[in-house]
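Naming follows writing order (A, B, C and D), and every chain is counted from residue 1.
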Amino acid sequence: MFSNLSLGALGFSLDHPTAVDLAARHGFGGLDPDLGHLQRLGSPSAVEEFAAGVRERGLQWGIAGLPVDLYAPVTDFVTAVAGLADAVAPLTAAGVTRIGTWLRPMHDDLDYRHNWRLHVSRLQLVADVLAGAGLRLGLEYIGPKTFWSTERFPFLHSLGEARELIADTGARNIGLILDSYHWYTAGEDADDLAGLTDAEIVSVDTNDARDDRTRDEQQDLDRRLPYDTGVIDLDGFAAALRSAGYTGPVKVEPFMKSLAAQPVDDVLDDVSARLGRFVG
Amino acid sequence: MFSNLSLGALGFSLDHPTAVDLAARHGFGGLDPDLGHLQRLGSPSAVEEFAAGVRERGLQWGIAGLPVDLYAPVTDFVTAVAGLADAVAPLTAAGVTRIGTWLRPMHDDLDYRHNWRLHVSRLQLVADVLAGAGLRLGLEYIGPKTFWSTERFPFLHSLGEARELIADTGARNIGLILDSYHWYTAGEDADDLAGLTDAEIVSVDTNDARDDRTRDEQQDLDRRLPYDTGVIDLDGFAAALRSAGYTGPVKVEPFMKSLAAQPVDDVLDDVSARLGRFVG
Amino acid sequence: MFSNLSLGALGFSLDHPTAVDLAARHGFGGLDPDLGHLQRLGSPSAVEEFAAGVRERGLQWGIAGLPVDLYAPVTDFVTAVAGLADAVAPLTAAGVTRIGTWLRPMHDDLDYRHNWRLHVSRLQLVADVLAGAGLRLGLEYIGPKTFWSTERFPFLHSLGEARELIADTGARNIGLILDSYHWYTAGEDADDLAGLTDAEIVSVDTNDARDDRTRDEQQDLDRRLPYDTGVIDLDGFAAALRSAGYTGPVKVEPFMKSLAAQPVDDVLDDVSARLGRFVG
Amino acid sequence: MFSNLSLGALGFSLDHPTAVDLAARHGFGGLDPDLGHLQRLGSPSAVEEFAAGVRERGLQWGIAGLPVDLYAPVTDFVTAVAGLADAVAPLTAAGVTRIGTWLRPMHDDLDYRHNWRLHVSRLQLVADVLAGAGLRLGLEYIGPKTFWSTERFPFLHSLGEARELIADTGARNIGLILDSYHWYTAGEDADDLAGLTDAEIVSVDTNDARDDRTRDEQQDLDRRLPYDTGVIDLDGFAAALRSAGYTGPVKVEPFMKSLAAQPVDDVLDDVSARLGRFVG
């Protein structure tokens, strides 16, 4: 695994060339591609040239964000899927192989099984198009009870459910986005990660939790940087990834507004050191 | 539909012959059979004689409690099912046709789909034996969020889910136990009841809710007698049952400890009047 | 129910205005709309004017063919669904409410459950768009064993399976196309039709079978006109539709090449009489 | 993997001590336990003594037959499961860890999904009891089209379906019985075996097919000894098992009545040589 920079996940809005510079300068192993930037480059050759520059800086690609809203009204959804092959072509040209999204863990109208069918249905279509573009789709389950318990019908919010959903789609290019924060809030431990393989994991987030809240009180958008509080067993989490032979990106996504108020270089020095400790 | 007496649901522990007397004296249309009492009568002919006495008092049978724990360890469960035909034979002899249980709306280990499969699996076996005894099995979904949100994996807690579970079993002798309290706490309204038929409903409970709590704050075991607070739209609930052509028993189950501290005749006068208003 | 003319199902290729003339002249109660013709009329007002002419002849609309290939590669499929609302707009303008397709009863690569998921997935998307156009989608299961046994994985080929698929989609505007030929070849009888309602049935075909073949030898594309051989219990089939209160179209689809070689008026006199006997 | 003797699968009826002798004398690596014999030994210590003798001859245990009929009426089924722990106790005492059964690939009344649910339901209960006895349950899918196409509803008859059924039970002690004959008749090839692990495979059968029939004409109960005709790619099959790291028993089950008419020693010399070639 390698440390991966996502400026957006830290709250910074900077352009993609600057992100590349910062990733290289602060010793990250890679960075998340900015699909919008690649699209605006216009031609495949311009994209390839840009990607060559990234590689020359010694950087790998992390994971792009899926430009399809899984929860859109059906006409919007099929229109987005019909345009998806074109939309992600720049990612293929750049050599990106990972793209991802998160799964909403509740619904006010669709009960669990109807919601499951909607997910299987839509993910199959999306994954099929992405397979044609050489992309693996990562799905992130969301663990906090303060989130999944807010509507009438809780939905999947655990690793086991996410793996079964992926199996149910029958798609060979769907895998997991694992986040220590969701693993912790879902009440999971190292045993739940046993048996995972690199082929199942598309991307990883590592975060810590607040130490003044119980597990069930944690909020999805209020986390801590890895190793901040020690609430989450990040050593166990990292060890499981090593056992799985995981080779992909690891980033932080703490949802701490205070970060973007600090000098970006200070923040990245700190984040890079924490990720360095994690990837070992 | 007819008003139905369940002394146990009111908190009273009185023997079955006394219950028959009270039901007749206070104008109920029927009462729940006490399986233990019928079993202790010993012979089919003794049971038939007892049941004839109940009919002569103008009373119909309500619903018996299922003597199988759906959630028992597997060996205990299959042993119970293997003995079920003998256990319920007195109900058949007495002319009882309804038996029921409630569905636990969460689980700490089994996620929704695994829990669903356990329910389908076990209910199929139970229903098959009950069919041989001429019994319809009623299933009660449980609505309060304060209950289904207390473990890692919420399970079914709505009418739509209960109907789909029943369909999934493929058993023709499984139906619903509807309780206005669960209907209300599940966030359902009269539209959700549209299209129901008498054949789908095995038994009905009618209760009201506390008026000093929001819907999501209501507790499963702290309810009010029907028409007490007006929180629940019992007129809409009763109208939907009439539209369905419902012909079965209706009882109250308020879980109010204060009732058993009062003279039983006073309580039954009150309950009988409330049920009389409900069944119209 | 009413007798419905589908020239295509009889092997004739005649334009839509001619079909309208023939339907009226030969005493049919309705005819299948020709979506291509309606699309070529160009404007909603031209379509409305044409439809008014059909109504003035005393004719109702039968059922249109779904212009989406459920089995297309995914990009073709989502492109078709993205364009479906526009494609079927002329049907809405004409007052058509029924559209349908048949379900392929086997697959060489997808096993039953994977094929089921594909159907649920794609039918949900299609039905959702059609609901916006005021259209009900009819699905026809295919019964002959000589068809479903020809690839590695047989798929749904019975009424019970079709009803469960429809329930699984959760779509309220999907129903059945019932064909006496599939009902017979699937080994079903009048009991299997018990409990059906008008709301579940979108369209009906009535055909007879060859009397020199066993049920399992019958070929999908070699049937007989209703009442030709008496192999199929059309009286039982019609009685079940009457019990269901069925109000929709009934047509023949015999796949007999000999028909198109005869004068169309002779054929339609005969077909109209047979359908008249069926709808009673 | 090791060569495994099953006299019953060859058509011989000889007592268990004789089978042990023959297995040792003809160089087999193991033999199938005879549950009836072990039960008749009476006490755990007698069973342990017998099993010690088997081990001293250098023999491992193959696989026992499951003493529960998955397809029995429900009361018979639950009674059998309630008695299963006692019934298999001698296997545990003997050190046997593998037990198995085959899956009927069609049904005349239950459609695929209802049959699937019956299998999940019953297998969960059986597997749970077997887990308590330290036994892994092997399931054998049946491939010949001449078998699965004989009733109204074909059921699972391929490796992929069997793996999905096992996953659906959620039982960790259910695995596969692989038979080259079913693998061939199901239309599968070496790719379908890719990715299998030792943990998924409980037992293996190796057989060849008649060379005067097409794949779809092969009969379930008329096979050939391995390497007889060369119709089945046994080298590819064995290579896949080696890739999986398979460590369990391999036997033949040719259903050739001619074998039992020959001297048992001649037959076992031949079978042992063929299995020796297979296990390499």
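Throughout what follows, contacts are C-beta pairs under 8 Å (C-beta built on N, C-alpha and C of every residue); 3 or more make two chains touch, one makes a residue touch a chain.
The UniProt protein names, listed by chain, are A, B, C, D = Sugar phosphate isomerase/epimerase.
Because the structure is a prediction, the values reported are computed rather than measured.
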item: Same or different residue numbers at the subunit C/subunit D copy interface, by half rule; value: same
item: Which listed pair, C-D, A-C or B-D, duplicates the contacts of A-B in over half of its pairs; value: C-D
item: Inter-chain centre distance, subunit B versus subunit D - centres from mean C-alpha coordinates, in Å; value: 46
item: Subunit A-subunit D separation of Cα centroids, rounded to whole Å; value: 44
item: Subunit A residues counted as touching two or more neighbouring chains; value: none
item: Footprint of subunit B on subunit D - complex, ascending; value: 74-75, 77-79, 81-82, 85, 114, 117-118, 120-122, 124-125, 128-129, 132, 168-170
item: Complex contact set, residues of subunit B against subunit A; value: 111-113, 116, 145, 149, 152-154, 156, 158, 160-161, 164, 186-187
